[in-house]
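My questions will all concern the structure given below.
A, B, C and D are the chain letters, set down in written order, and residue numbers restart from 1 in every chain.
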């Protein structure tokens, strides 16, 4: 009998497990394959607080808080588990290729403190490899990146060291409510838990349907490739409308990402990689000579309204969701883990109100759901 | 004391070793790394007798003979070694995108028997995935392909079964002549041989220089990628001016190849793969959706006059070359092995005269070489 | 609306689809990942008719028929799809290390025609690398092997060319009966079919439970590794009680396999590989020097009584099973495909009676099942 | 014209290049393949100052200094290049399985400060996974490890940023002295340099021979494998007589290493991995269940007297060696780079005298060498 069972062993599930077990809530993660090998591993790990937000609103606050937690987590997890999460803080540039893009970035600069617009020439003095087509960039000096699979592994081991449990290679066949608890049926076993948290990313949709809600998840394939960055030696992340380039701390430069809605296939298509290459070469032509290292894909959990879904089921007590992070799963993993811990310990009242709650998906008067019989 | 030592363990070296040992000439191959892991492994394995020739001349005869030997070799090597060389005989199409290309192919059709020009519509009825930009193709029904690394492995094992020897992970540091034989110095040993055959592909150049000749080798990098051909299901090879597509018998479709002269670097560049993709997508747009499987490169041994160099050194008796096959090394491996066997057994007179001989590289009156002091 | 939908895109599912579509029964395969990437790919591909049988009974007949079908399939699929299934017919040796093992093999020799016992010395003259501990072996000259992933790919492409359809990256969430047909719910779609065939290997268990039967599937992990066989050059397969060695037509030697019941984890354990190595080195010590190439695992679908389950559900008309092939899935794929075709076209009467039928699992008077409400 | 050319682009060559260029000595590295892909990449990266030394002598001082440099280098290289060298400082345990081993470790404890012997029970309280066969261990709290390929990449990029140059995929064919400088012939170019530094690891031998010395290099193959350490979660390195286990900061546990003198082959043998597995399972039986991740090999440059060779050629001015580091190349790379810089700037007098000098290899009265004619 667990206090909570978390369905899904990606970075979100293991962050929740870490934070729950650390605060004494005995929890287990159930993962159908191996932990962190799906969308988590596919992510570049950008902590793009200011590429993902246009104004300092509540969602920005959630992002910012999450990014800041990484600083202390980095020390804490290294000490506890021996795993280095690869936190980099060289900052990001969001580049503009058109006057319109520049206009938007100048508005953004004015909206936040700590961002700084650089005209083309200033930018070229810092990154001489950019073509003239780049008319400037907004510098976000505090937004860096982490190594997603290391973060997930550190959360996983940290949770185990705090008494958590882990069931890998285990598909959840069914979840049934019985009085005050839940029976979670996996292939050769039934687990019992006081609460169930759905954190299975792009595969979460079926659990919304099973619990009487419409499926809000939009599986969105992303394809990436990596090159050896030796000739260029970027240190900061570059972010453009149709590609990004993240220089990792081991010398790889990750180029991402396509975005294909309602595509759950594992294949990395030749056309996907080709279009990314054409986009990046237009801005960084030196990369044509860079040695190709690898390519991969992941299925991100998009949502119908573009925001994550974190909180208790609107009318089924004890069922929680922590999913729908689209391309912000790595950035938001720490804050999601802490928010879920707080909700489970202290109830559903929190500053984010309907911003993230599953209940927001029940739109008034539209009768979007039928409680399951 | 070997009758012959062959420097280089690619498909050429092992074909020679196989044919020599089979006819009782005790031979050893020296390979600095592992056999067949360089240009051999990188090749798509096309037996493009008629893509590589414009007219039925002596070089065409050499190509044709080599392709034909593969049919009997396939049985012989399978029986002897258990290795299947993957011979496919579904034929090739050489496509035309312009009137000029068509004109050239019609001339070619007239020059050879067994080739057949297909107008665009006929072609589309056979391969419906081609765009309208393809105005027709020349069908070469008897030209297929093999699996190059399997051929090399089968030659290697066949040579060993016929009494041959093999030294892998062994760099040849020096070759010295002593009376009637040669001392071949490898790292911790000196081998003695009556004859030395240089078959080290793109790395053969140094041995021309060491023996008083100008270096005729032009290392030429080629980059390829492969996709899963499941959706299209090509059976015949497609050959265009800026790419080819070879459907292998295990379901992979190999797309090749860039051609970068005087480039010996191992890297597969992002730009090289990107340009190939753009070329193939223009003709086979369905391939944008094909799953990317792999990418690789190899360094082909081009030559200054575009022909292989097979035969005895023009004035140093006992030194032979079998190199410079550019992109025809797989096609020509069987005939090269047999020709070297014949030259070593019966002397330098053969039908190819100066076409392939090292001596042709000594142009009259130009004093291109200085015997080494 | 399909005539039949097959759940599971391994070699069994695609063989069924091939045989159904070829005979005009319009069928689709649904595969949750990519075709042939699980147990199919993990198999060594032995056609071990006589290692898997002790006497010429009905199951032996099924195995023998399936092996023989491969001969004609090889030509048929190559012609149709361009894929070579890698059929090898160099035969197998089942070796004995103890007098007891020898005794059993002598009984087997007497039970079948075409098998031949070889004493230790005869055997050593054929395979000189074996240690003295091998006291002899039974030679099974007609039992060879195929390349499992090629077979599956050829069936897949062949089925598509015969009008079949394929849904990959598609998890079947539910199957519901509605009058005369079935609704098969995948993530973003509902397929309709007249019949449903469960061919999902080690993951078939849930469909037995869903349809009111006890789960007869015993997921059984197997771990393998491969080496470069260049030094030894085996052509025949060796089969011992605690390992087998299969020389593939590309030069790899596959060593298998551990057998861990009720283990569905994907991991290849260090201890599993180590135990296989210790077993094989005791008999073939030369392999200590062989270069290690790869290692992998697969989950085979064992069953409670050790036999496959092929046929219609005992009381739910229109639901069929073709699963539980344990380590004989490659051997039995052709015969399973043909048997399912015959059952669907001509009904449940066939020579195998209760040997393979799902109904046999309902033991008399034991009330093993409850029809689902 | 370079001030210095370094032959060999492993961690030693790039450390030297980094230190030279940083202090204004314009230098280039020539690497026949890609930087850091041979012995450097194969190393586990232990900074085993106290596993590699028995007493606080001059060689220990060199090791200790090198380890200490890593601390400042880690910051310096991260800032300069963006590469994190992966420095870990969780310490090492050198374990004892016999009374004799314990005795030796107690002597070692007495010889150094900062080492601490732990009896079996104390050790088990820290690392409960060890078997009873471990009777205790010496704790070396300041000896950690780095990520060798990251160090090499950071040195490489750092050198380039300080004005250095790099020629990859370039084999040095010959080195000739001409007056005050050297001509270094690579395939299509001749480089000129004031000094030449041989840093080509296990392949350095030929340059000793070319310069009139006996070859002191003993190529020594080492084979390793890695597992997923999730279940055990080691943080400290374990060092035993017949294996070591290094927990890397990304969660991999590296097990090493075999040691095969005069073996330059690239193959990872099945027997090599098997023997390592048997050794480690005897002490850490839990690892039988650990998922196998990878395996690899490298050729370490051993020497005839077991010590590195760092310094100027005994009688050919301008030729330097920095090689022969056996299994201490990663540990000693920083100190080697600094020592070479000091020798080149300030001459051959240094505290290490004959300990490391090439001249020590000319033993008195033995006439070990003949100046080349």
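Keep this in mind: a contact is a pair of C-beta atoms (placed from the backbone, for glycine too) under 8 Å apart; a residue touches a chain by one contact, two chains touch by 3 or more.
The shown structure was predicted, so the numbers you read here are calculated from the model rather than taken from an experiment.
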In terms of CA centroid distance, which chain is the most far removed from chain C? D
Of A-C and A-D, whichever chain pair has more C-beta contact pairs: A-D
Taking the mean of the C-alpha atoms as each chain's centre, how many Å separate chain C from chain D? 48
Return the distance between the CA-based centres of chain A and chain D, expressed in whole Å. 39
Which parts of chain B, given as residue numbers and ranges, touch two or more other chains? 267
Of all residues in chain C, which touch chain A in the complex? 33-34, 168-171, 173, 187-188, 203, 205-206, 219, 262, 264-267
In their complex, what parts of chain B are in touch with chain C? 78, 81-84, 86, 88, 90, 147, 149-150, 153-154, 156-157, 160-161, 230, 233-235, 247, 249-251
Mind listing the chain C positions that touch chain D in their complex? 225, 227-228, 267-274, 277-278, 281, 287-292, 295
